[in-house]
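After this come two complexes, each holding subunit A, first together with subunit B and then together with subunit C.
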Partner chain A sequence: MEQKKNNQVTKSLLWLLLLIIAVIIPWILGSNQYSVLLVTTVLLYGVMATLWNIIGGLAGQLDLGSFAYLGLGAFTSGTLLIRYNFTPWMGMILGGLVAAGFALLIGIPLFRFRIREVWYALTTCALVEILKVVFTMWEKVGGPVERYLPHYGSLYHMRFSSYIPYYYLMLGLLLIALGVNYRINKTRLGYYLKALGEDEIAAEVLGIDTRSCKLKALVCYSFLIGVTGGIYANMYGYIHPSFFDGQESIKVAILGIVGGRGITYGPLLAALLLVGIQEFLRASIGGDVSGLYLVIYSVILIVVVLFRPKGIATIFQDVYQRVFSRRGVEKKNVQ
Partner chain B sequence: MCRKKINLGLMTRFSLVVLASFLIFSFTVVAETLPEKIVVGCLEPLTGAHAVFGTEAKVGIELAVQHINQAGGIQSLGGIPLELVTEDVGETAMSARLATESLISKHHPVAVLGLYISRLTTAASEITDREKVILVADALVDDVTEMGRQYLFRPAPKASMQGRSAVEFVLGAAEKAGISMEKVAILNEDSSFGRSNALGAVQGALDNGLTIVYQKEYPYDITDVSSIVHGIAAAEADFVVHCPYFMDAIIFAKTFRELGKIPKFIAGMGACGYTDPESIQALGEIAEGYSNTYSYNPAKDTPQNRKFVEEYTAKVGHIPTEAAGMNYYGMWILKEALELSGNLFPEDPLNPDNLRKAFLELDLTSGPAVEVFPTDHVTFDGKGDNPYARATILQVINGEPKVVWPFEDAETECIFPRLDATY
Partner chain C sequence: MVKQVLQIKDLSSGYGKVTVLRDINFQIVENEVVAVLGSNGAGKTTLLKTISKLISPFTGEIIFEGQNIASYPPYLVAQAGIAHVPEGGKLFVNMTVYENLLMGIYRNRKKVKEDILEEIYEIFPILRERKNQLARTLSGGEKQMLSIGRGLASQPKFIMLDEPSQGLAPKLVDEIYQKLSILKKRGITILLIEQNINYALQFAERGYVLENGRIVMEGESKELLNSEHIKKHYLGI
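So, the complex of A and B:
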């Protein structure tokens, strides 16, 4: 009992230490804008993959549509800003609501007609492309030409000349994403999602309303991704149908899977490692031999999947358990 | 009297020594502040959908740097050579921003060339303006120079100018051939580049009293264009002005042939979809007679251009493409700006504000940069555009892209109207 309590304290201290590091990172990196942008990008993927974990990891639905919700959030917030000078601080919340509303519209028939596994993956993948085409043709909001947001230097417009404010916004979203994951994990909904993620038919036999559970997970995930989209648009300074990016959606799912499905911090860990490695390779060899960095990145990905099919988070789980179980045994021996 | 003379001599000698010391000192200071090499960045999409253009652009820049260094580097700065650093910008605004920040923070270049795609250029130009790094852009969308960027310069003709040029070429060729052209169809793929081209073509058509009988903006990844080809034929368009990339150019050319509904002329604008070596190879004899605007003139008969065409062809296997040509002369124009900055601001020639002033002061009518530029005049307006930029037009004749317009610079006579026209 005491050992369990000690482990809990150690865990909390570890998280606190990580949080302190995350808070001071921009000050350590100082004026190097590249490094701040890089860590902000890593956090962006971390947020996306952590949120994906709700629908993809816990509920076991291979969702490939994250950038559909991100694009909806970006367009809602961006369009409100461009047309009505509506502050993105509110715009991003509305973006989240639009994304969640759209997810609801899509989710009800999908789950009603039991679209799952590869069919669910294909449907969500197609969703991104459909939205891309719709927004390219919808001249009043989208169209093929980029729509630029107001220029720098305004808190009201969420347009900053430095990446540091965006970093903290992403960090805030990441904490929310981790918190939501953690909370769901501990509630009845989390257990239901895990059950249906393991075996949907068995979960139904046990009396779980799988349709409702999946819908709740989808709405929660899409709302927060939509909010992220609002920040994304302001960080890049424009909105364009290319935001509905199928490849990037697949990348988010890969991070979620490689990190460890269902493990709260797994996708974040994958984002830290894989996005970091990819960018390091791109920056160091991308200019010399075109595409080589993508080959190396893919090989790393294959190796990870081959040797750690349950996700790289399990490496840390193993190390953590070994260290703390040994400490526990040593303590027992001393007593 | 005599004493006075001696005193004056001493004063003069003293003054001369002081002046000489000052000159030597100031020269030493300048020499100390100048680097051993001037770093120039190349930011191009080397992976993704636009990798083919980015790779060609990179080869063009590499050759220009090689030629400039062989010619003695930057003469006004004591012959300092250029050093090129390259990063892949990928195909998203996210990757373009990362690449630009990374290159600037690691290498501190005085200027960068690239990014080919307008949305990537816009994302990167926010950074180059913030860091006061000159960006010699090769993205042709009109808006690129409409955003008030201070350190962005674009030597090549903008997209709307290419659309207008395509219309003017067809009308000129028709007049020469004694054929009346009244009805035009305008097509473009659904990007900001396609639309900029189309807007220029629409304006050109209206200014010349033409009737636009059909206009269509289609998705760039379109797979079936038969309804569009039928629509053009139904509208009885005399000619088509079209802005395609690679795949859509091939689909359109094949569909025109398969359906047998070929207007009197089909002129490409921007993107060089119809006359790119890859397109000609993919289309075979169907490519014959298609024309496209080009931001570079591979047939310009000057020593520097011949040297470039020869070495590029030896290296890549075909004549320089638009992306390669634009960046080759872009690099030479940057070289001329550095030379001018060295002359105008010898105390701090690489200061970004001085280099910017040098760009705005440029007025080139001769020299290697002009020898490879499509026209004989390079200068920049306050927005960063070159008002003397003009497109050339290439037509596929006997399987080879040949310069046919402006007529005074033509390599050969254009084939007009199309030999396989069906209506």
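So, the complex of A and C:
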């Protein structure tokens, strides 16, 4: 009991330390806007992968459509700002709602007709590409030309002249994403999602309403991604159909899988490590040997999949268990 | 008067356009143990899947305790009090034994979880020992017991078992049937699917024989065991 309490304290301290580091990073990088943008990008992927964990990790649905919801959020918030001078602080919430509503529209028939596994993956993958075409053709909102967001340097319009505020916004979102993950993990819904992620038929015969559980997970995920999209648009200062990026959506899923499906901090870890390395390599050697960073990135990916198929997070779990449990492996007691 | 638990009327069912079951009629009364027998491909599993609504029937009625559940989704069937122990167990292999049982209990919000768990552990003491192990690390017999235990966790009035002896050594089959007789004593209505005719008919009170999707015989277990048809086709004597 005593030891368990100690573990809790160490764990909280560890998180606090990480949070402090995360808070002071932009102060260190402050003079270099490009570096701040890079770490914000890393955080963005951390947020997306952590949210992906709800649908992809816990519920086991291989969702490859994260940027569809990000794009919808960005376009909603961005268009409201351009057309109606509507503050993105509210716009991003509306963006989340639009993304969640769209997810419902897609999710209800998908789950109704029991589309799962690779077919679900393909459908969500197609979703991103379809939206990209739709928004390229839809000249009133999108169109092939970038639409720049006005009011540069205004707090009310969330258009900061530095990347640092965006960094903190992203950090806040990350904390929310982690919190939501943690909460869902602890609730009945989390267990249901884990169960249906493992075996949907078994979950159904046990009396779990798998369809509504999956919908809840999908709505939760798409709403928060949509909100992220609002900030994303403001950070880059424009909206463009290329936001619906299929390749990046797959990358988010890869981060979720490599980090450790169903482990709250796993996808974040993968994002920090992989996107961090990728952006660092791109920034440092990208100019000299173009494409080399992709090779290194892929090699790391292969190594992880070969030696840690359950995710990078399991390394930390093993170390943690070795350090903190004296007598062998003490399995955590549920509840 | 005996209370009818499950009544099936003119049921036909199958996958896509393929009809597997035709004109199935049968009923089970309270506290009864009924076996459905048949060779591979006779439609036994399809029957159970249809009752638990994993597949939808083409026509016919499934009446459980007075209500027609033929249009229910699977989770409502389970919540009405039908437990289905699927073929091969279908455990959540990456969860612990305890968590697996918990998944069965979860929707009984008001019931005290510990009491139900205690009850299951009493029937299957091995599950208490293996409580914190991952389900994937269990042996075949233990997996089957966990699967039955998980079915019991929802405190069903009626439990359907899909080949509980499948893939187990004869000694383990004996053990499983011993456990099942505990359930029988507790008055749970059981529908059993089995290829092992000897075991099934010794355990059950009545039986139905399914061939090519139709019920070709029905009767008391003893009658069935002595019938020429069964002897010739299933027991090989």
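In this text, the second predicted complex is superposed on the first by the 324 of 335 C-alpha atoms of A that agree within 3 Å, B and C clash if a C-alpha of one lies under 4 Å from a C-alpha of the other, contacts with A are read in each partner's own complex, and residues count from 1 in each chain.
What we mean here is this: contacts are C-beta pairs under 8 Å (C-beta built on N, C-alpha and C of every residue); 3 or more make two chains touch, one makes a residue touch a chain.
The model shown is predicted, which means the values in this text are computed figures rather than measured ones.
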item	value
First, second, both or neither for A:146, with subunit B first and subunit C second	first
Touched partner set for A:188, first subunit B, second subunit C, both or neither	second
Touched partner set for A:283, first subunit B, second subunit C, both or neither	first
Most subunit A residues touched (candidates subunit B, subunit C)	B
Contacts of A:198 with subunit B and subunit C, given as first, second, both or neither	second
First, second, both or neither for A:236, with subunit B first and subunit C second	first
First, second, both or neither for A:10, with subunit B first and subunit C second	neither
Partner chain in contact with A:133 - subunit B first, subunit C second, else both or neither	first
Overlapping contact positions on subunit A, where the subunit C interface meets the subunit B interface	none
Residue ranges of subunit C in contact with subunit A within the complex	52, 54, 73-76, 78-79, 83-84, 86, 90-96, 98-99, 102-104, 106-107, 132-133, 150, 154
Residue ranges of subunit B touching subunit A (in the complex, touch as defined)	42, 46-47, 51, 55, 85-88, 90, 92-95, 97-99, 101-102, 104-106, 118-119, 122-123, 126-127, 130, 143, 147, 190-192, 194-195, 217, 219
Footprint of subunit B on subunit A - complex, ascending	32-35, 37-38, 41, 133, 136-137, 144-146, 148, 161, 236-238, 240, 242, 245, 248, 279, 282-283, 286-288, 290-291, 293-294
Subunit C-touching residues of subunit A, taken from the complex the two chains share	188, 191-192, 194-195, 198-199, 201-211, 331, 333-334
